[in-house]
Amino acid sequence: MIVGIVGASGYTAGELIRLLCIHPEVEIVWVTSRRFVGKPLSSVHPNLRGFTDLRFRGYSHEMIKDCDVVFLCLPHHASMDFVKDMFGGVKIIDLSADFRIKNPEIYAQYYSEHSCPDLLSKAVYGMPELHREEIKNAELVANPGCISTSVILGMHPLVQNLDSLRVTVDVKIGSSAAGRGASLSTTHAERCGVVRSYQPANHRHLAEIEQELGLQNVGITCHAVDMVRGVLSTCHVFPEKLPTMKDLREIYRKCYGNEPFVRVVVRKNPPYNLPDVKTVIYSNFCEIGFVIDDHANRLVIFSAIDNLIKGSAGQAIQNLNLMFGLDETTGLKTPGFYL
Amino acid sequence: MIVGIVGASGYTAGELIRLLCIHPEVEIVWVTSRRFVGKPLSSVHPNLRGFTDLRFRGYSHEMIKDCDVVFLCLPHHASMDFVKDMFGGVKIIDLSADFRIKNPEIYAQYYSEHSCPDLLSKAVYGMPELHREEIKNAELVANPGCISTSVILGMHPLVQNLDSLRVTVDVKIGSSAAGRGASLSTTHAERCGVVRSYQPANHRHLAEIEQELGLQNVGITCHAVDMVRGVLSTCHVFPEKLPTMKDLREIYRKCYGNEPFVRVVVRKNPPYNLPDVKTVIYSNFCEIGFVIDDHANRLVIFSAIDNLIKGSAGQAIQNLNLMFGLDETTGLKTPGFYL
Amino acid sequence: MIVGIVGASGYTAGELIRLLCIHPEVEIVWVTSRRFVGKPLSSVHPNLRGFTDLRFRGYSHEMIKDCDVVFLCLPHHASMDFVKDMFGGVKIIDLSADFRIKNPEIYAQYYSEHSCPDLLSKAVYGMPELHREEIKNAELVANPGCISTSVILGMHPLVQNLDSLRVTVDVKIGSSAAGRGASLSTTHAERCGVVRSYQPANHRHLAEIEQELGLQNVGITCHAVDMVRGVLSTCHVFPEKLPTMKDLREIYRKCYGNEPFVRVVVRKNPPYNLPDVKTVIYSNFCEIGFVIDDHANRLVIFSAIDNLIKGSAGQAIQNLNLMFGLDETTGLKTPGFYL
Amino acid sequence: MIVGIVGASGYTAGELIRLLCIHPEVEIVWVTSRRFVGKPLSSVHPNLRGFTDLRFRGYSHEMIKDCDVVFLCLPHHASMDFVKDMFGGVKIIDLSADFRIKNPEIYAQYYSEHSCPDLLSKAVYGMPELHREEIKNAELVANPGCISTSVILGMHPLVQNLDSLRVTVDVKIGSSAAGRGASLSTTHAERCGVVRSYQPANHRHLAEIEQELGLQNVGITCHAVDMVRGVLSTCHVFPEKLPTMKDLREIYRKCYGNEPFVRVVVRKNPPYNLPDVKTVIYSNFCEIGFVIDDHANRLVIFSAIDNLIKGSAGQAIQNLNLMFGLDETTGLKTPGFYL
């Protein structure tokens, strides 16, 4: 496929380009960045030295004619106007939040007024494990957020099988999620050694989490920890009646037994018996594990991903593969590194 | 005071000795370690070079005659027999878990059979904020656990003021809590980059947490994160009725307004508006913050400490100061480093 | 090719297996580990979950009949006896130091007495950039050490072109180089935050460095720094006469212009203008840069690699590709991650 | 003493204020910062919560009348005009580079044109180990740079005792040395995992290093590594004739045997047998070690400090103590933390 990328200087775009460089069916024809026009890609993404000679360009409408698909790697609100401009002319995979929320009022509540609410119904929420068939035919895919991906994948089988769940999610996330912008709080000396909540309630991703899981009143508390990549979502779940371990294994295996990028971790003994960001980063895998806490009448669901891959660029390529009839795992089936 | 230390080679003991070296009223006369007998302290604690010429010795009963107080820095179960041997002959501050739990059956359930349950009632749980007066007259102080310290300090004002709280604690902790022993899972290459639960339910500290807070069915999930020092406990609390922010400020200020080592953080805006392990490590301070989550009908209480100082050696010195009629802050009133 | 791996539980082997799992022309038929016989590979290398169902076996001579090539991932001295047993029956790529040094007396001086010195002359030093043609026909490849790889690649063009070089190498290396064994000094709490020399002179890799570069009296000082992967070798070089920047660019481009895994970094301005371990780890690339210091009459050559990939498993696969007539880059041409 | 601080929002100032808060003979009466006028100190230095109620002010000349001494914590070039304004009216400890270099031409070469070169001769280079007596009577102390401190302390005994030394210094330094400003290259995601040279030759500190050591043509190459605090300078020294280990021990002990903040590390075996930033950070100590490399006819001198303490704020307080007739160690004699 012939691919163009809008907003190609950020971390998400860097990861996307890295993955596309090694995708056997893709050719990138242009990448845009207002700030870096004329500069080679590798001046911003030094790991790509030798993999591409592309330079950043400015964007103009006619560029979409050269492409089968365009990826938008822009901040929320910036993306919607590009979609308005492109929609109908080219397939779009939007990595921003702009088309994830079906209800424009909820979008406005968490983000801002939407400039093209009529297009919301055209967009498919790009999580293959939930919407594989719709993605295949989508003209516009709204690629999920990273925290949302970990929470939705972790909780989806449970909400399908248990009623009346009360859920509180405690998220630990790395610094790459804050993007490439420099500010005091993201400076190395300030950010190293941190374990603190940066969003103690009402994180924006709640909108898509509740939409996709059909839950309400979910609590979410996000913590910055000292790492660059990765998300671990610890979902504290209070069901009306505790399932057994056997129930849980069946629920998750039935749901994810054939999923190429979800690994249910059910080892009995340490080490490596519960999901860990270390085991999934640098890969497109999501690891899910679960524990029953009889003492507190509680389930704990752990879900770990790489925020830039399964939580963003890798999932976008799953969507690309589905949209163009390729094996969904094309270009993505590589293990992480562990060390 | 003249001080002896049993089990002086571990991290907790290292921190204790460091603090005692700069305590104006203390002289350490002996330190023991079976493994390092004859070696200088600084061969195990290199930061103490130039601060002490002591060498490790073996322990014998008569050594307690030289002391006003003995600190026990031993693993749980190892400590109780030393206490049995010493009790009555010298004041004791026990940093293990052996005398924290009043009910020997609960001790047995979380640890092991107790060899001297009759002494349990003699011990005072050494958390000054809760038991200051009893500590002053104690012969045996059971110094609290690190996770327990953060959770109890965080929740104590709330349980005094609100009824019927359901509490789930999500803990993030550094590698020094695992002690000085080498194993695969604590190796640098394996432990770096980790965010994983190592104790998804029923952590042993639950016993003292429920005892001191008067709560039942508390959920607790502990996570290893990539740092050496520090604990952040995020307490997700579900009250029958949400208090207001003003209520909370009053509750915490009333309880901790005069506490020398508890800082209630109530800044409105970032940065530094919520407790962070980075702000308290290398100090004896506990920082507590709180947030109301209307959406999920939930309170979130954050409590951050240095696990080796306020969570262990520093709190032990607060207890020492109280037991000997000194200003409680002697030798402890230094800021952390932030960077 | 059909591949067997001896000593498959360590970090080097883990990385090798990861790379072989995604190599299009390789099938691994057995892996051995005395300690983990019967256990699945993924119980030791958790990132490989889902990529292989192999279990560790014990080794016996007849197993080599099933293979085109065997990789030995053993400590030095343990490897030589396996080579003695296998040589002639199967192609061997030995990742230990046992066959890197041509002179058995020098081997003995840095390591120990050699048990089969007659085989030393059969071995080819497996650095494609220096010995590509010999590797193609080798029966036994001695895969280079990680520090050696960075130093030799950094200095090779210079020694080819300048006379009478005096060289002192200052190495910074991560903890994975210490292997999987647990000891106090490799524990997370002890190893974090370290910047110290662990081998201030006469590192064993000096033997192969001086052999391959044809230099004598090279100084080398190795430092542990707080990272898991990566080596940066800073070569302080004192030539009789300083070359110009133009000379240097030509020297390095002529030597490495066609090398698939060596990138000469010659950007004028920051960022990313000098080699950085961050830019090469998780890839098979070596980045080399150079600076002229007129003030001190000195050249500084920087050479950065991933110690487990270009410094070990990745280079081993380059050798594999060469030995079996494949494109040398097969299975290796992926960028690093930068973040 | 009554103290004022100009430029109090940076990391160096933060560390200085932390140390002054626990100094028994000091009262801080004002701190200035143009950017944060009116804000409490703790809004910028959160570790100081509870230790000071001061707020940032603007500066005016008459404020010096309230002080015995003023600390200047400003960038180079900004400091000199304040000194011009204050000199004669109050004792000054200048933490910038502006008065370190005696020769204004060399200052201009490394920094910029000097606006008051006549004051250069009034300044004393504030390294107590070299200039203790002059500091006692100084009106203006030029506090040394951090890299300079480590290199000069490491090399001083050697240049006093050996002739014709050729010296190349390989420096590893943490991110706090870059100060509080936010830029892409100091962002957490970009700076984590880095091992790269940011100043491969001619670092500005060379000017003071050569001045104080009486050396010429010193080579210096500085590397950023992934830590916040600390400097390790590895000095590769080529003497005409190698001394013995006994010679070296005597040279260093004679020079530093009575120094309160220099520890010569001469342990035979690991661990902790060579200087390590981990052992000295969070303290005012400098650790020095040395190794003879017969193979390369080379000495290696290691010198480790905390860049913000012995390399800046702590050394400034040593100078303060000397200038006011206090015990030089007042407020500084605390061990580091190791973990």
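We call the chains A, B, C and D, going by the order they appear; numbering starts again at 1 in every chain.
Heads up, the rule we're going with is that contacts are C-beta pairs under 8 Å (C-beta built on N, C-alpha and C of every residue); 3 or more make two chains touch, one makes a residue touch a chain.
Here the structure is a predicted model, which is why all the values come from computation and not from measurement.
With chains reduced to the mean position of their C-alpha atoms, the one farthest from chain D is A.
The interface holding more C-beta pairs in contact, when B-C is weighed against A-C, is A-C. Chain centres here are Cα means. That of chain A falls 38 Å from that of chain B. A straight line joining the Cα centres of chain B and chain C is 45 Å long. Separating the centre of chain A from that of chain C, both taken as means of CA atoms, is a distance of 35 Å. Residue positions of chain C touching 2 or more other chains, listed in rising order: 11, 176, 184, 189-190, 192-193, 227-228, 271, 276, 339. Taken together, the chain C residues at the contact with chain D in this complex read 168, 170, 172, 184-185, 189-190, 192-198, 200-202, 206, 217-221, 223, 225-227, 230, 232, 234, 236, 270-271, 274-278, 281, 291-293, 295-298, 300, 302, 304, 339.
On the side of chain A, the complex with chain C involves touching residues 11, 14-15, 18, 21-22, 43, 45-51, 176, 228-229, 263, 265, 267, 271-272, 276, 279, 282-283, 285, 308, 333-339.
Only residues 11, 174-176, 178, 180, 182-184, 186-193, 227-228 of chain C touch chain B when the two sit together in their complex.
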